[in-house]
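Here is the structure we will look at, set down as structure tokens.
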Amino acid sequence: MKKLTLISVPITVALLAYTSYLALIVAPTEQTMGDVQRIFYYHVPSGWVAGLCFFINFVASALYLWKRSPASDALAAASAEVGVVFCAVLLITGPLWARPVWGIWWTWDARLTTTLVLWLIYVSYLVLRRFAAGGQTQVLAAAFAIFGFADVPIVYMSIRWFRTQHPSPVMGGGENSGLAPAMLHVFLINLVAFTVLGILFVWLRYQLQMQEQALESAHAQLALKGVSR
Amino acid sequence: MIGIAPSSPPVIVLENLVKFFGRFAAIRGISASFAGGRLYVILGDNGAGKSTLLRIVAGLMEPSQGSFTLLGAKTVHEVAHRVGYMGHAPLLYDELSGMENLRYFAGLYGLHDDVVGRHAMQMVGLDPELTRRVGQYSQGMRQRLSLARAVLHNPELMLLDEPFSNVDVRSARDMAAILGRVRDQGKTIFVVTHQAALMEGVADELVHMAEGQIVSRAEVVRDAAANAALRTAR
Amino acid sequence: MSTLGVTGASLVKDLRMEWRSKDAINSMLFFSLLVVVIFSFAFNPTAEESRRIAGGLIWVAFLFAAVVALNQTWARELRNQVLDAYRVSPAPPNALFLAKTVGNFLFVVVLEILMAPLFVVFYELRSVGPVWQLLVVALLGTWALVVNGTFFAGLSIRTRNREIMLPLLLFPITIPALLAMVDATTSVLTGEASPDFWIKLLAVYDIVFTALCLLLFESVLNAE
Amino acid sequence: MSTLGVTGASLVKDLRMEWRSKDAINSMLFFSLLVVVIFSFAFNPTAEESRRIAGGLIWVAFLFAAVVALNQTWARELRNQVLDAYRVSPAPPNALFLAKTVGNFLFVVVLEILMAPLFVVFYELRSVGPVWQLLVVALLGTWALVVNGTFFAGLSIRTRNREIMLPLLLFPITIPALLAMVDATTSVLTGEASPDFWIKLLAVYDIVFTALCLLLFESVLNAE
Amino acid sequence: MIGIAPSSPPVIVLENLVKFFGRFAAIRGISASFAGGRLYVILGDNGAGKSTLLRIVAGLMEPSQGSFTLLGAKTVHEVAHRVGYMGHAPLLYDELSGMENLRYFAGLYGLHDDVVGRHAMQMVGLDPELTRRVGQYSQGMRQRLSLARAVLHNPELMLLDEPFSNVDVRSARDMAAILGRVRDQGKTIFVVTHQAALMEGVADELVHMAEGQIVSRAEVVRDAAANAALRTAR
């Protein structure tokens, strides 16, 4: 396990450096938007990773409520934290892009609103974890996570009928959708790199969480034997 | 049920019970077995883990490790209607009168007859006709009513946490006597208290806790000598 | 120990206690009155505007008022740790949840009935669309607020800082319901669009979240 | 036992306690973020409108957030009835009041600094009038909110239902200040009118109410 | 100041003191005078008005009728720095450490030297170096610190309301002994408690309250016979 971690970190860093090079230098400049469009290579993968993390959080929380295993709680906590971070990146790169392109920072359109709500829900989740006392944290947090995830499709549904400004799906869309092959290539590699990065973060955070738990229980066992008090 | 021998089957069996609060072990591996039909007095310093033990047994808290059986059942829920619990706090609604409180709590046990509440109030020496709200009761009356709530459904096992704290000496003596009578009807009673002297003459066994463990258990022969021992119990 | 029996008994007890003190309803009433006044001062809407933003104002006012009331109903259970008495009893946890939810629902509906005339007066509202649709929206929307609110209030009383936790948990989760309520109301008031979609959405939301609450309340009540 | 010495000591103690937990500031921040989001959902202002109602939104959001924070600072004094320890001591009551007010003022100002960019982003705000005037309005307005809020929070903690009492007392008293804040802000943002009158009004309001609070706090603290 | 005679001038003089809560009279016309340098134990049933009396004397409540003088002054404020008060609740900030608490409270009395706090902590048997926050103290430690807070500024008059409630017997005995030593330094102490036996050997006078009045005052000769009397005081 340790070895895996040790190897995966430099590999990921290298991968990121390579994809950044691709995104910032190799990829062709977009015609109408210019260089700003390069945010795309960070924006979209962040969104994807955030979504992935929240899904993991949901599964882990449900698992926790069912089996009450500390490991699934640790996974839930780790994935929520990483998800919030990537979602924040999405929420920061979006307006940075919107400002030069749309002339505004923000608008209440479907994509943007859903993303913000999603972020709010999982920040609430983290706040709850902080404020819940002692042994209750896991159960309360898991229950809230279920609510949060159940909310996502409803939020999505409800907001789709708003006026929309955000680009519609690029991949698999209609006639005019699709990326230039050069861009697509860079984009796909970026997507892979971000996914690896996201999973690595979750993994590290999970390990840390598990180590904390192990430390706690080691201390607890010591206390039990009366060594420390 | 009157006159059960001390050798009756155990009502509580604790197996290596441990409770952590974070890193702190409040209960440190308790294994014990308690026979039915007896009145146990649990003694111990502040923070010895008395309340924690009672709350675990009452099903209000999960143990961190270990397990226990209660009246032969593995989960508290199965036998909830056979157990009575009284906590530090009075567990009563201040805004309702005594009978209104008891009527509601009786309902939770599926008892819909006012006789139950009346009976419980009379037993602890309160007047069922009292229309005052519990918020206006004196501390002593409130504790009596709290005891009435705990024994309302005639439970076989009672877990009472410091029933006499802040109660004046007279009321406390009355309540101790009531507990003695209930025990004589074959019930099992656990009383946590710092005022061991009050339980003189009614206790069957003293359970001494310290630092999350049961450090001693002493049989009480209910006579003068035992009382003297009890008086210097600590 | 039947769920319905205990629900009824708990509900009657809550209503009796509320009737004795009238704390929750009075403070809620006054609070939402204040919110309405503050809003009309702060936004000072012109006649045309007000119809457009009234939907938002009404529901935000009720949301804040409801948060206040919701905290109070659970606080009552916590005062002498009476909740422990419930937890040691064999009564089903969901009965308590249902009783609280129905009780809060009644409070908020009463509040709405009392406040509605004020909104009409303050914002010179006149509905262009059919009024019965407003009624449907109000009932479905209130249930959405209350069922989640009761659940999260029950959840947040277990935490440090319990007064502040409720809005922190409730608001993000309730956003779709709120959105549906506001848009449905605005649609009816202005008569510019049909509220059907939003009403359906509210119904779905109500069903999904009521089910979730009933499913999860037991774990939350017994978490310790 | 000099007023200033005790004020300083109490302030330092409050800041230290807040620093340890960071509860109040974190939850306030998130709460006001939520309020902003809820409002912009509920009202969904068009670009032109938003400048006109932004003043109202901002101050109402801060009002709600401040209420939450104000309750918390006094709640701390009440927890183990520590207030009694202050009351039996020879320390001057106003020192406690000043410490709480300054502490709350600092909190709310920090909150405003952190939230301001959000408002700019969400409502596409761009000020037509001079920005430094907004600063003056913000400082005077915040002081008005906080000085009254601290006083009434101190008054309402003695009542049953203390969470709800604060807004019930504070809102009506604060309405003129709120009006001034909102109108001054709108004047600056739209550049349509001069905010001078409103700023003067706020200054007068601040002086009058600070004086009143200092005059009356001793009786409030010792009321029983 | 050591060894003041019981005939020293009165520190508290109560004149027809009455306190109403709504229609209910919690204090029903108390006139009494208490000499300095003595340790008074106030006994009485729940609701007898003990806490109410103490709070009035400490200046936390206005009497409804009547008046009192405290250390010769007509208003409590004038002599606030010479009086120490300890209530039912601990009157401490959970979020601060012991020394941080004491430092703050010393500041309220114009004492800005850490020595004051250290001294008080040592006196009650706590380690001044303890960095733990008070919220993590055990009940017994918290009560000790609460006592330290009350006596921090070396007051001539101490008003202590149930300092031993929920405290284990050992800690309570320690605290009682501390009070005895403080009294021996010439201070005047009032202790409200339901556990009279703890004050054996240190009390000078038992003041018995019932239904808002002082019903009896009994001198205690600190010897075996007096202790026996104390033990059966009720």
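Every chain is named by a letter (A, B, C, D and E) in the order it is written, and numbering of its residues begins at 1.
Please note the rule applied: a residue touches a chain if its C-beta (ideal position, glycine included) is under 8 Å from a C-beta of that chain, and two chains touch if they have at least 3 such contacts.
Since we're looking at a predicted model, the values are computed, not measured.
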Shared interface partners, meaning chains that touch chain A and chain C
B, D
Measuring between mean CA coordinates, which chain is farthest from chain C?
E
Identify the chain pair with more contacting C-beta pairs: B-C or A-D.
B-C
When centres are defined as mean Cα positions, the distance from chain A to chain E in whole Å is 59
Quick one: report the Å distance separating chain A from chain D, using the average Cα coordinate of each chain.
35
If you average the CA atoms of chain B and of chain E, how many Å lie between those two points?
32
Chain-centre distance (mean CA atoms) for chain B and chain D, in whole Å, is 49
For chain A, give me the residues that contact two or more of the other chains.
117, 120, 123-124, 127, 131, 135
Multi-chain contacts in chain E: which residues touch at least two other chains?
none
Would you pick out the residues of chain C that each touch at least 2 other chains?
160-161, 165, 168, 171-172, 175, 179, 224
Chains touch in the following pairs A-B, A-C, A-D, B-C, B-E, C-D, D-E
Would you pull the chain C residues touching chain A in the complex into a rising list?
148, 151-152, 155-156, 158-161, 165, 168-169, 171-173, 175-176, 179-180, 197-198, 201, 204-205, 208-209, 212, 216, 219-220, 223-224
Chain C contact footprint on chain D (complex, rising order):
23, 27-28, 30-31, 34, 37-39, 41-44, 49, 53, 55-57, 59-60, 63-64, 68, 71-72, 160-161, 163-165, 167-168, 171-172, 175, 178-179, 182
Which bits of chain E are touching chain B when the two form their complex?
44-48, 138-140, 162, 165-171, 194-195, 197, 234
Sort out for me which residues of chain C touch chain B in the complex.
1, 5-6, 9-10, 13, 16-17, 20-21, 76, 79-82, 84-91, 224
Contacting residues of chain A [partner chain B, same complex]
134-135, 216, 219-220, 223-224, 226
